[in-house]
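Next, two complexes with subunit A in common: one pairs it with subunit B, the other with subunit C.
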Partner chain A sequence: MAAVGSALLKHLRLRVQVQAVPRNPSYALSFSAIRRRFFSEDVRGSFLDKSEVADRVISVVKNFQKVTPNANFQSDLGLDSLDTVEIVMALEEEFGFEIPDNEADKINSINLAVDFIASHPQAK
Partner chain B sequence: MAAAAAAARGVPKRSEVLWLFRSLLRTARQFSDYNIREYTKRRTIDGFRLNRTLSDPDSITSAFSDGKAQLEVAKRQSIIYSLYTPKVKSIMELKS
Partner chain C sequence: MSVASTAAYAARRAAQKERVRILYRRALKDTLNWAVHRHLFYQDASDLRERFDGNKHVEDLDTIDKMIADGEASYNKWRHPDPYIVPWAPGGSKFTRNPTPPSGIEIVYNYGREDND
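Entry: the complex of A and B
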């Protein structure tokens, strides 16, 4: 690694002085590697950016039919009781108020969650 | 606490297990340190999911009492940590 680095540095210095294709054949590979990496667009432009792909995939999945306003967590979305508790906790954090345990156990669908939160004066 | 008394008697029921899960997550929220808060949440979720399919009553009862012991530890620690909160918040909590 250090050898490559020093070879590159030596090569770069040569370019400033010579201003031509380097005569020394042992540096030829690194020169073409540099050219490929920094100067050519066709190598870089063929792949999409991974985070952009992830965002678009997630928004497509979110629009999937099953997540309707009437969706029941357990029968429609296939979540179990642990997932339901997690979702209720996330809703508590999102709206900034505490849901007592006995009420939280009854929230089994998106509709119920919406009704409960809309009727709670402390929701932010 | 009704759930604690019932668990002392025998195999915990589903509602008691969910009560424990919810209490652990609520206690996790009270930590002022971002790292410990996230770790507690992650650990309870992973721990409960791993033990989801237990069917032997003894192992269920021992897992439940382990969980209750951890809940006590978390409650004490959240109080102690809140006494010594650092002034600078973790970078993950800064709105970017």
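Entry: the complex of A and C
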């Protein structure tokens, strides 16, 4: 059993390719060899563009939640009531607003928030 | 809880939830008043949220009432003496500064031409 296992592993194991490293006694050639190694495709191509990464991350986050204009904070987006309070506060700060406490309690969905802000004459 | 008092229980719980929401809102605004720099505010706001979340699972009505009363007492103790209020809101600096004039008044633009007509 063990022999079969080891034979299988030996069959599956990747063949390691041995590449001859150029060894040269002169200083200039070894420096260019090092330079070639560090600027090869394998080393340089592993980093992505930062803007591309940002775009893709944003699209992933946007597609994750069901953020539609009709979304209720608690039932659709899965937020807590304290999270709703935080969202209302962030909206207040964003639009330069002041919402009285009893009305802030009733804002439960994006629709209500949009209506409230649009109907207030002093929202910046 | 007996079935007959479920409606009253639900009503009391709803009232308590509303009190908690208003208390959290005021406490968050107060935190913003005290900790103006954003990184400090984020730290304090998450601490406040932890304190509220730690008591989330309490079911007993009287305990909840007592905790809400304690929270409101500590909020009153920590209130900022000079909170930031949006200028045109009541209590702000621009409130009723330039009220809209009564409807029948209008400006007649004939400066310098009053004697010539």
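Everything below uses one rule, namely that the second predicted complex is superposed on the first by the 73 of 124 C-alpha atoms of A that agree within 3 Å, B and C clash if a C-alpha of one lies under 4 Å from a C-alpha of the other, contacts with A are read in each partner's own complex, and residues count from 1 in each chain.
Following the convention adopted for this analysis, contacts are C-beta pairs under 8 Å (C-beta built on N, C-alpha and C of every residue); 3 or more make two chains touch, one makes a residue touch a chain.
On a predicted model such as this, the values are computed, not experimentally measured, just so you know.
See if subunit A has more residues touched by subunit B or by subunit C, and give me that chain.
The partner that reaches more residues of subunit A in the superposed model: C.
Touching A:G96, do we find subunit B (first), subunit C (second), both, or neither?
After superposition on chain A, A:G96 lies in contact with subunit C alone.
Determine, under the contact definition given at the top, whether A:V85 touches first (subunit B), second (subunit C), both, or neither.
So A:V85 meets both subunit B and subunit C here.
Which partner does A:D105 contact after superposing on A: first (subunit B), second (subunit C), both, neither?
Once the two structures are laid over each other on A, A:D105 reaches both partners.
Touch check for A:S75: first (subunit B), second (subunit C), both, or neither?
It touches nothing on subunit B or subunit C.
Taking the two structures together, which residues of subunit A meet both subunit B and subunit C?
81-82, 85-86, 89, 101, 104-105
Where on subunit A does subunit B make contact in their complex?
80-82, 85-86, 89, 93, 101, 104-105
If you look only at subunit A, which of its residues touch subunit C in the complex?
Going by the criterion above, the answer is residues 81-82, 84-86, 88-89, 96-98, 101, 104-105, 122.
What residues of subunit C sit close enough to touch subunit A in their complex?
Residues in contact with subunit A: 17-18, 20-22, 24-26, 28-29, 45, 49, 52-53, 85-86, 88-89, 92.
Which stretch or stretches of subunit B touch subunit A in the complex?
Residues in contact with subunit A: 14-15, 18-19, 21-22, 25-26, 29, 45, 48-49, 52.
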